[in-house]
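All chains are identified by letter, namely A, B, C and D, in their written order; residue positions are counted from 1 within each chain.
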Amino acid sequence: MDSKGITAPELVTSVWLNTAEPLRLEKLRGKVVVLHAFQMLCPGCVSHGLPQAAEIAAMYSRDQVQVIGLHSVFEHHAVMTLDALKAFVHEYRLTFPIAVDQPSEVDPIPVTMQRLNLQGTPSLVLIDKTGAIRLTHFGRLSDMQVGNMIGQLLMENDDSQDSTDKPDRAEPQANGQCDDEGCSL
Amino acid sequence: MDSKGITAPELVTSVWLNTAEPLRLEKLRGKVVVLHAFQMLCPGCVSHGLPQAAEIAAMYSRDQVQVIGLHSVFEHHAVMTLDALKAFVHEYRLTFPIAVDQPSEVDPIPVTMQRLNLQGTPSLVLIDKTGAIRLTHFGRLSDMQVGNMIGQLLMENDDSQDSTDKPDRAEPQANGQCDDEGCSL
Amino acid sequence: MDSKGITAPELVTSVWLNTAEPLRLEKLRGKVVVLHAFQMLCPGCVSHGLPQAAEIAAMYSRDQVQVIGLHSVFEHHAVMTLDALKAFVHEYRLTFPIAVDQPSEVDPIPVTMQRLNLQGTPSLVLIDKTGAIRLTHFGRLSDMQVGNMIGQLLMENDDSQDSTDKPDRAEPQANGQCDDEGCSL
Amino acid sequence: MDSKGITAPELVTSVWLNTAEPLRLEKLRGKVVVLHAFQMLCPGCVSHGLPQAAEIAAMYSRDQVQVIGLHSVFEHHAVMTLDALKAFVHEYRLTFPIAVDQPSEVDPIPVTMQRLNLQGTPSLVLIDKTGAIRLTHFGRLSDMQVGNMIGQLLMENDDSQDSTDKPDRAEPQANGQCDDEGCSL
């Protein structure tokens, strides 16, 4: 885990599921935020990433840790629609808040995925109590590693950082390849 | 396993993937046919049924055992489209022949699923060398049980039966419920 | 699976557990015999081989399939004693008949293991209804493969073979190496 | 996790493996200590507890986290000997320091297990940088839970506590029962 990080850019989303109103990162200061970027047709997300996100949501109090699923579609856009996602979320019984990453008008990669410079899905982004990005990981992390990092972030004070840095903009070309680990750009 | 069974009704399908031309059960006499009915948004199919079907396809010679996937959509019809199935088959790297069960004009349950009187997905149908249905199972079967049954069917002669019975027609109402085991009508 | 095989040499054992009286292969004609050679301190036996043997014992009728555990100690003789085996069998709740392979007076490899020319533990030996060895496998086999082979053997008539061949005697030196798959000579 | 705890009593042991010299808790102040009490013939220890301890040892720097295996034999004393343990440790390739809990002269339960008032094996004891016991758990804990707790303990200062309390002495009767979770007194 980086000892400090840049402030996470605000999520840019089109729709939210499993929440009465949209979540904003800036309103989540004081909590650890676990952002899990996935695609519903990504095998590694379905077998490993989403179950891990659900376990985090079940294990921690929502007062301390906020899990957010981010449906960042960068391939097969025509079939990973909102209705398809709704059916998927229903059948897989996902109950934590899930946002649809805002599609770009000029790029297959959606807006938040670009801003976070993610390499593919599943990706895990850990944001500390001050709003700083402390981990960005594409692929699989063990439950013990994830538990360890969240445990450490929970112990930090929330006034320890005041970063206003902006992340570099990234515009990778989408040519997704999926394997057991996940789907990469 | 039943000691004998009725002849499997012919598959009624709209599209085939992973095969140069449609398969017909009547052309497969002399082989054991493993028919795996699934839905791409059925968790039990994704985690257990389809990997088992793929293992069967990898383990047996296609001269002896023909695995067929049957996409029998009885819920969420609007999103489990042919294009969505194609993306799913691509991402999950399924290589055995897969057919789309013909949608019914008057019923949410597709035609072959009705004819086979399946209870939900995943369902496994084992058809012997004579074309008779020897097992219809909804839910999970262990690999050892499936291997045992296929092994036994392979040892039978293919001139042992000549059933021309027709299965009873079933028209269940589709009100799908999914759990860890699968999605039932 | 070999299409035919030599007759299995009779088991040479010092003690039996989980059975009122010793089993003899020659008395088991008409049944498929699943002989599982293991050592209680062999990781691959504990994690994979013995659970598979227990699943076979649970799935098949003992009228058709006889599972036999064979404790073939070829290393750490001083600690894999009968009392240690009894404690192991109790704690792991093994209920199928288990025999202690007769120690050799001149060789670290016990007698039956020598006669069967096994390479290490776990080893699976499948014996058909006529008493012929049809498979000898060191290491891991999938449940589907094992189920398939037993299913095929169950379909054979028990008067199909009458082999009186004797296996070649083997006297390998014991220099056991264990890995995830098992312990080899 | 308790917010504070009593100081862990010193380990009372007869032999150490995998270390040049015996470890003493009082010399480990400043590190988080993960004490894993096990028996080599306890199925839950073999399948879950010891692999988890090994993963902890592999994931954390030994400068920060010290994993200690404690062979606390409370049943089958005659066969879980030092030589048997050595063979077990060799075959299972355990590389973290392992101590043999000192047998009691008057009780089947060994001395350290009594002092820690453990209910059975596997048991996990987490000791913070000040030497205080922060968790005592019999049975299974998820990797995420364990990672979370160690991560939190790592973030604490090591001068935050100065407890000199002694734990109550416990002398349970040993009538061990093992199930999938572990072996209890």
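Keep this in mind: a contact is a pair of C-beta atoms (placed from the backbone, for glycine too) under 8 Å apart; a residue touches a chain by one contact, two chains touch by 3 or more.
On a predicted model such as this, the values are computed, not experimentally measured, just so you know.
Comparing the CA-atom centres of all chains against that of chain C, the greatest distance is found for A.
Chain C and chain D have centres, each the mean of its CA atoms, that are 36 Å apart. With each centre defined as the average position of its C-alpha atoms, the distance from chain A to chain C rounds to 51 Å. Contacts between chains close into a ring here, every chain touching precisely two others. Partner chain A is touched in their complex by these residues of chain D: 52, 55-56, 59, 142-152, 154-156.
Here chain D touches chain C in the complex through residues 41-43, 46-47, 76, 78-81, 83-84, 87-88, 91-92, 178, 183, going by the rule given at the top.
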